[in-house]
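Got some structures for you, see below.
Here come two complexes built around subunit A, the first alongside subunit B, the second alongside subunit C.
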Partner chain A sequence: MTYAAAAAVLPRSRSSHRVASVVAALLASLFLLFLFAPIVRLVVSGGAGGVTRLFTDSELRGALWLTAVTATSATLLGVLGGTPLAYLLARRAFRGRAVVAALIDLPLLIPHPVAGIALLLVLGRESAVGSALLQAGIRVAGSPVGIVCAMLFVSAPLYVSAAREAFARVDPRYEAVGRTLGDPAWRVFRRVTLPLSLRGLIAAGVVMWARAVSEFGAIVILTYNPKVVSVLSYDRFTGFGLHEALPVAAALTILALIPLTLLRALRPESGAGVAP
Partner chain B sequence: MTAKPLASILAIVALVAGCGGNDAGSANRIVVFNAGSLAIPIRVALDSFAAREHVTIAQENAGSLETARKLTELGHVPDVIALADYEVFPHYLMPDQVEWYMDFARNRMVLAYTRQSRFADEITSDNWWKVVQRPGVQVGRSDPNLDPNGYRTLLTMQLAEKHYGVPALSDSLLAHAPDNNVRPKEADLVGLVQAGEMDYIWSYESLASAAGLKMVRLPAAIDLSSPADSAAYASVQVRVRGRTPGDSVTFRGQPIIYALSIPKRAPHMALAERFVAYLMSDEGKRLMRATGLDVLDAPIVVGSGVPDAVAAAASPTARADSGAQ
Partner chain C sequence: MIGPAGSGKTTLLETIAGIIPQRSGILRLMGRDMASVPPERRQIGFVYQRGYLFPHLSVEENVGYGAADQSFVRELSERLGVTALLQREVRGLSGGEQQLVAIARALAARPRILLLDEPFSALDPRRRSRVRRTVRALHGELGMTVLQVTHDFAEAGLLGDIAILLDAGRVLQSGPPEQIFRHPASAYIAEFLGAENVFAGEVRVLREPGRETAREAADGGVVYHRPGAGAPDSDAARIDDRAEAIADGHHAVEFRTGPLTFYAVGGADSGPGHAVIRAGEILLSREPQHSSARNNFRGTVSEVATTGALAHVTVEVSGVPIVAALTTRSADELSLSPGTAVYVSFKAMAVHLC
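Presenting the complex of A and B:
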């Protein structure tokens, strides 16, 4: 039952409805103001400088490029590993599902420098995995690999929980129909589940990517050089002060808007779920 | 029903309004910003001071320059500021933020390591510069553009080249501590050497000792600890990033001196004065020394307008030539 339908059956006076709408609108405006005022202030203060520096500051361009590549790699890895997991959590009743579902959120809970240290213990050159990687010529700490690992760790849980919800919203009866038509499980997933959940999966991927771009605490433990934008803005702030950090932060904000808008636009906004 | 959301809005507004300017929020709180390498000595003294004065403490650890930026750029003003390099005071904080500073401790550069570090059994004060160049040895250092320890590392490498008379030793030592082994400040490296990611890190004696790390003591001629060697230290210099991009500053070698001050706009001035006096008392010195910090017997005050309580704890003398020029 939608909210509107529920509201309609409840006996309520017209004026109390109006007060409720005003209060809701007021709350929503305050909330939006809280979210957007800092960003608008940031872009107003540093926007022009940020755009200029895109042409003059090669270190900033390098950091933006590195951020885009590492955040995208982390997101692709998150989608690759997180999608099957999210599907299992949404569709299969297995022993310990509740435990796994709770554990998935754990990386969100851990302070990010702590996450960086934990990753170092598992992926550092003294660890089994780390020394094997080192044999293959890959050192996690101090390299882009470390950046991807840090981003993946802190942002993948967001993808998994959102993807799980997207799968859960698909009506199992459609999948059952597919199976009764003799399709193997994989084809049912590809032809029924995936198209029906795609919007939610893309939204989950966007959130994960955005979170990866913003990561600082875990990255700086693993890899300070080469610098991603979050590290560069910290470096500029510490080394030069606010007036040099603002353009870096503003440039990131402006550029990040492009993929975010494009991906949101890609999603078919059918209007489903919005009460008339 | 509708009264509830309204009440929550009012509550939120009140909360937001209450957040403004709460720096001086509690009269029973002392706020200290200090360099990362002072975290433990200051903390120990703070805990003891807080217990006797019945106050709570708020301590923020960060790089010395980052700490200075908190005052100049963010307008966050602590009661006491203590930095790993006294020069940050005249360069960044005087005269707007502070009018005086007090040199109160000294330190030395060391190579810190753990029992697990490669060649830990072999390294000595004599062969360290050969050991750190062996294949597979990872050496970490902090960012010379952000952290005094970072450029002091570069100065130490140059002094080592002179001291041992090995041509190009400085470049070679630097090549064995490459960019991807750099972290923002020296305190960030401690975890890396403990986790085995680095075998040796360039650090301070105080930090290595407080963190329980093993360390290679370097000859006094290169470890920047000895005021008597000021002239020799000043023979090397390093160029790092300046105050604006493209700009650069030159730092000459000089002894490592820690300094502290009370900002002009400290929210709890009286408490700050009592804390600094306590730091310089016999008990304060003893507590800090127990953590490995080399506290000066006679602190040196530079500048004017020193509070009486602080002046009484230290005996202000004219600053001896720092050897900076």
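Presenting the complex of A and C:
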């Protein structure tokens, strides 16, 4: 192409590029507006009332406390049971691995009330497990135990898949080197794999915790009372209307900033635990 | 252990270390079958090419990871020249420094066998020779076997008692490096080891074996092949170098490759084969060589490639390129440049047939 021809073509292609950028920016802005406008509107109209309610509304404080305790318990159980599974899925080639990996994600696709119904079938008073637990003095449905079960069921898959990715990011050759330096597999896991994947695992735990905190559909089937915050805000809305639900909703939105900030801080560093 | 990329070198090391389970065969270390022994109980040190230092530990913690005694850690650090790095973060190290620390880390655990996967590749030449010497010395002091993967045959020759050539998961040839270098088992090996002159052609046994041929050849005649010339005038081979008696079972042979025919010493079989001549065995001169019976040819220089003290000169003889290695100084003295007419000669004994 001659210089003159290039000069004739270049401005046009540059201007078409500019048009594309403007269109992309416009679409992105509209999308962000859609995502944030309701939240901003909620906090603006209910924020002040919400903060006040945090101090005055004892039912709200009780619900917050209950939510924190159950979500944390569910997360700890998820970490306990999910970490070995995530490691196996990341490292070992075993028969049926693909099936297990697919099944793990299944709870993410089930509508949450359906998950609640499924849990009720297994853990409810009528079920074998539920009645056996009741005999032992543990009530599942209608108790914090039910809340934990519902939270665990719907949020553990998020932990397992995020933890599996965290393990997969650790080059297995680090573990191989640890083994040749005299450590059995479990000690290599503790001295090498765990430190190298820790940030990713904590981030996975935070994601699970956040999902547990925001769960509604499965919990409401299993345990309406005592109320977690999601059930409480729903209860206020249906029982007392938007005016009463607004400050509760605003307070919860403001509190949601805490795990969000935590998650940002834990975002895995680029290159951490990856081959040099 | 030498072999092209993808020949299975790393896989073999990982299998020996127990990192990859062996699918078949028997792996014995110190006479003991290792099939069911986990890597941590094999006492095998492993150094990957890229070091794989633990990024969450300091350099000192890395070196001490598998070490039982700290004084040995300090001694090793000193000898490998990594003492100054001990307080540093792994992330800040250069590739060469990481390799050094990885070697120190593996040695600090006092392995009985050390597996090195191209461990010196990122080191500058000065450090490389120092570390080679240290590893070589520790090999003796600690009584440990070292199995090292390298691309560099010179390095294998320098460090190794035994060289193993691997290709596509199979051992092509193994033995003392010098022997492999002089007598590659195939043309492929010869080329892989960097032999400059590898010719495909036809071997023909010239005479009955033994002394007679050698004695007969001792008349000192000179055989010339000018471009376009065919085979030598008679079967009475004028084998060079009366001093080099042909050993029993070896025969004076003739080797034809395209328009070129030269003399060599080989087995009793005629037929297709390869001839390998190291560039260092080829002599160049501006005047015909009358002193002894050699393979003598006249040709034209087509290329002169100089790297440091060595010059590789390619001479076309009847269209066949023959590469000679000589010192840059000799090349200058001969004032060789493309187009120069030169005489090429080499001993029959310098031709390796395979």
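List of remarks:
Here, the second predicted complex is superposed on the first by the 225 of 276 C-alpha atoms of A that agree within 3 Å, B and C clash if a C-alpha of one lies under 4 Å from a C-alpha of the other, contacts with A are read in each partner's own complex, and residues count from 1 in each chain.
Please note the rule applied: contacts are C-beta pairs under 8 Å (C-beta built on N, C-alpha and C of every residue); 3 or more make two chains touch, one makes a residue touch a chain.
Predicted, not measured: the structure shown is a model, and the values here were computed from it.
In the superposition on chain A, A:179 makes contact with subunit C only, not with subunit B. Applying the stated contact rule after C-alpha superposition, one finds that A:26 touches subunit B and leaves subunit C untouched. In the superposition on chain A, contact of A:16 is made with subunit B only, not with subunit C. Note for the complex: subunit C touches subunit A at residues 14, 17-19, 38-40, 42, 44-46, 48, 50-56, 65-66, 90, 98, 105-106, 109, 111. Listing the residues of subunit B that touch subunit A in their complex gives 1-2, 5-6, 9, 12, 63, 65-66, 69, 72-74, 116, 138, 143, 145-146, 179-184, 188, 191-192, 195-197, 241, 243-245.
Interface residues of subunit A, counted against subunit C in their complex, comprise 171, 173-174, 176-185, 191-192, 195-196, 272-273, 275-276. On the subunit A side of its complex with subunit B, the touching residues are 16, 19-20, 23-24, 26-27, 30, 57, 117, 120-121, 124-126, 139, 141-143, 220-221, 223-226, 234-235, 237-242, 244.
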